[in-house]
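In the two complexes that follow, chain A is the common piece, with chain B as its partner first and chain C second.
Moving on, here comes the complex of A and B:
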């Protein structure tokens, strides 16, 4: 969990708007509503996750990527 | 019978005076090439610049986006019903300009798909004039949503 969390934070921080700091990220953070990542950058977060973990995320799984925690859950399922 | 070029252009959500696509010369799942000739009577030449008409960079950017993103995106969606409901928006651009484009000049836009995932289309492109000189190049990204 801890390893995934730190890796995910380093992916997400690239796409944070200027007014959100990496220190604002918590496991419960909602990527769009709280971290203000727009829908276009959210796609790049997903593509970076796919590349980093060598997994494929389907269109209908995008909904499961709403918070940092749920993204980690999906990554764990896919890499298990 | 309408040509593929005419069909694609008819599906674009633009009209005069803001349609900057004349013809799609070639299109595939990864590539599109099209052209546009800037008419000297276009509205923006009256003010850009005061006494010297030159095509504005934002209009060149729009021309690239209409051919390289919107038209390619419509071709990739390949579903008239989906296209009719789709909302599109440009979400990112990175462009370098090299040559001026004057009234009545024709430009050719070539765009290569980098990816089209989760409704986001990202492309790298080149615009050339009829002498084959590079006018501008860069990357553009747009979102195509079926619902917003």
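Moving on, here comes the complex of A and C:
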């Protein structure tokens, strides 16, 4: 969990708007509503996750990526 | 009753000067921003010289957030943001707070083709079946209105935000469109201008049409020769120019510095009839456009002090001079001063009219007419119409009051604008 969490944080931080700091990220953070990541950039987050973990995330799985925690759950399922 | 419209901000990202101060220095000192371009040479271009603004990553970081800069390869957006943000700040205006929208301010910022490098990269990935990997940056960098979208987000603009496109007339046309919107009371402030990408993909088509100068690859600074004998093609350029237009009322209320008044202008097309074609202007329409602009601006032809021409150096310059002369009914030593910035910048395509208008407004501001560079062999057909002293080869302090600016573009489209020094 801890390893995935740190990796995901470093993926996400690139897409944070200027007024959100990487320190604002918590496991419960909602990517769009709380971290204010532009919804268009979610696609880029997904691409970066796919590349990093060598997995494929389908369109209908993207709504499981709403929070940091749920993203980690999805990554764990895919890499299991 | 139309509202009076003034210019309160200028910004420029030109091959011979990035930023207003550098550009002002450059135009009055005849600094040429055209260089040998190794990339064009490597790709077997006939013309291997070009005008490109010199900008660093550090400079870009002042105009874009790190996230915006990620994978931002659309050079037109680089140039347009530098010019547009500079103009906005030059007018004493700033980005709105995160929750507030400025419904009185809009944007009409033109371009030809935007984000060509991005489009080429995306096309390659698409052809490889990797469309899924394109990410989110392709659309915003390749839609024509991408530049207006970037600027709109910076400003928080809530009025009309759009992009015009009329080939090499684009930059000048955007000024007329913004002027009309303010004059009719639909906006208080409009950020207008034009930008154009640089690079082989944007210039290749012109090289293939054999309209670029291939004779000065070893002497780049002498390559752009508007109005000269044997001018055999234009030098491709790029960049952006931007102006903040504002109602006189709004400018006075804010206590803003006023560079000049926009008196009015006209736009038309020659219909690709008569002497007009897809690539050449119909002279009848050009003259009509100039005359219509005078009527719209309530200006007598004799009142024009200086003309900033289109004058690209393709061999059409004598025809353009003839059109000015006939439309204004002026010739010899009665002809206004005339110059072409393209000798210093090359032809900046969709950005040309905007960059050149910024140069013209700086003439009104400083009381000078900038000298034409590479001006030692003026075409005899031009000298038959215009006294040589009216085509200065050095910057001269003649305190011009009224400036005419025209641009002509593929598709046989024309635009002419008139500006007046502002005396409070």
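Throughout what follows, the second predicted complex is superposed on the first by the 80 of 80 C-alpha atoms of A that agree within 3 Å, B and C clash if a C-alpha of one lies under 4 Å from a C-alpha of the other, contacts with A are read in each partner's own complex, and residues count from 1 in each chain.
Following the convention adopted for this analysis, a contact is a pair of C-beta atoms (placed from the backbone, for glycine too) under 8 Å apart; a residue touches a chain by one contact, two chains touch by 3 or more.
None of the values given here were measured: they were computed from a predicted structure.
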>> Which partner chains sit in contact with A:18 here, chain B, chain C, both or neither? Use first/second/both/neither.
In response: second
>> With both complexes superposed on chain A, which partner does A:47 reach: first (chain B), second (chain C), both or neither?
In response: both
>> So chain A touches chain B in one structure and chain C in the other; where do those two contact lists coincide?
In response: 40, 43-44, 47
> Inside the complex, what are the residues of chain C that reach chain A?
Replying inline: 65-67, 70, 98, 133, 135-137, 140
> In their complex, what parts of chain A are in touch with chain C?
Replying inline: 14-19, 40-41, 43-44, 47
> Which of the residues in chain A end up touching chain B in this complex?
Replying inline: 38-40, 42-44, 46-47, 59, 62
> Once bound in the complex, which stretches of chain B touch chain A?
Replying inline: 91-92, 115, 117-120, 141, 143, 145
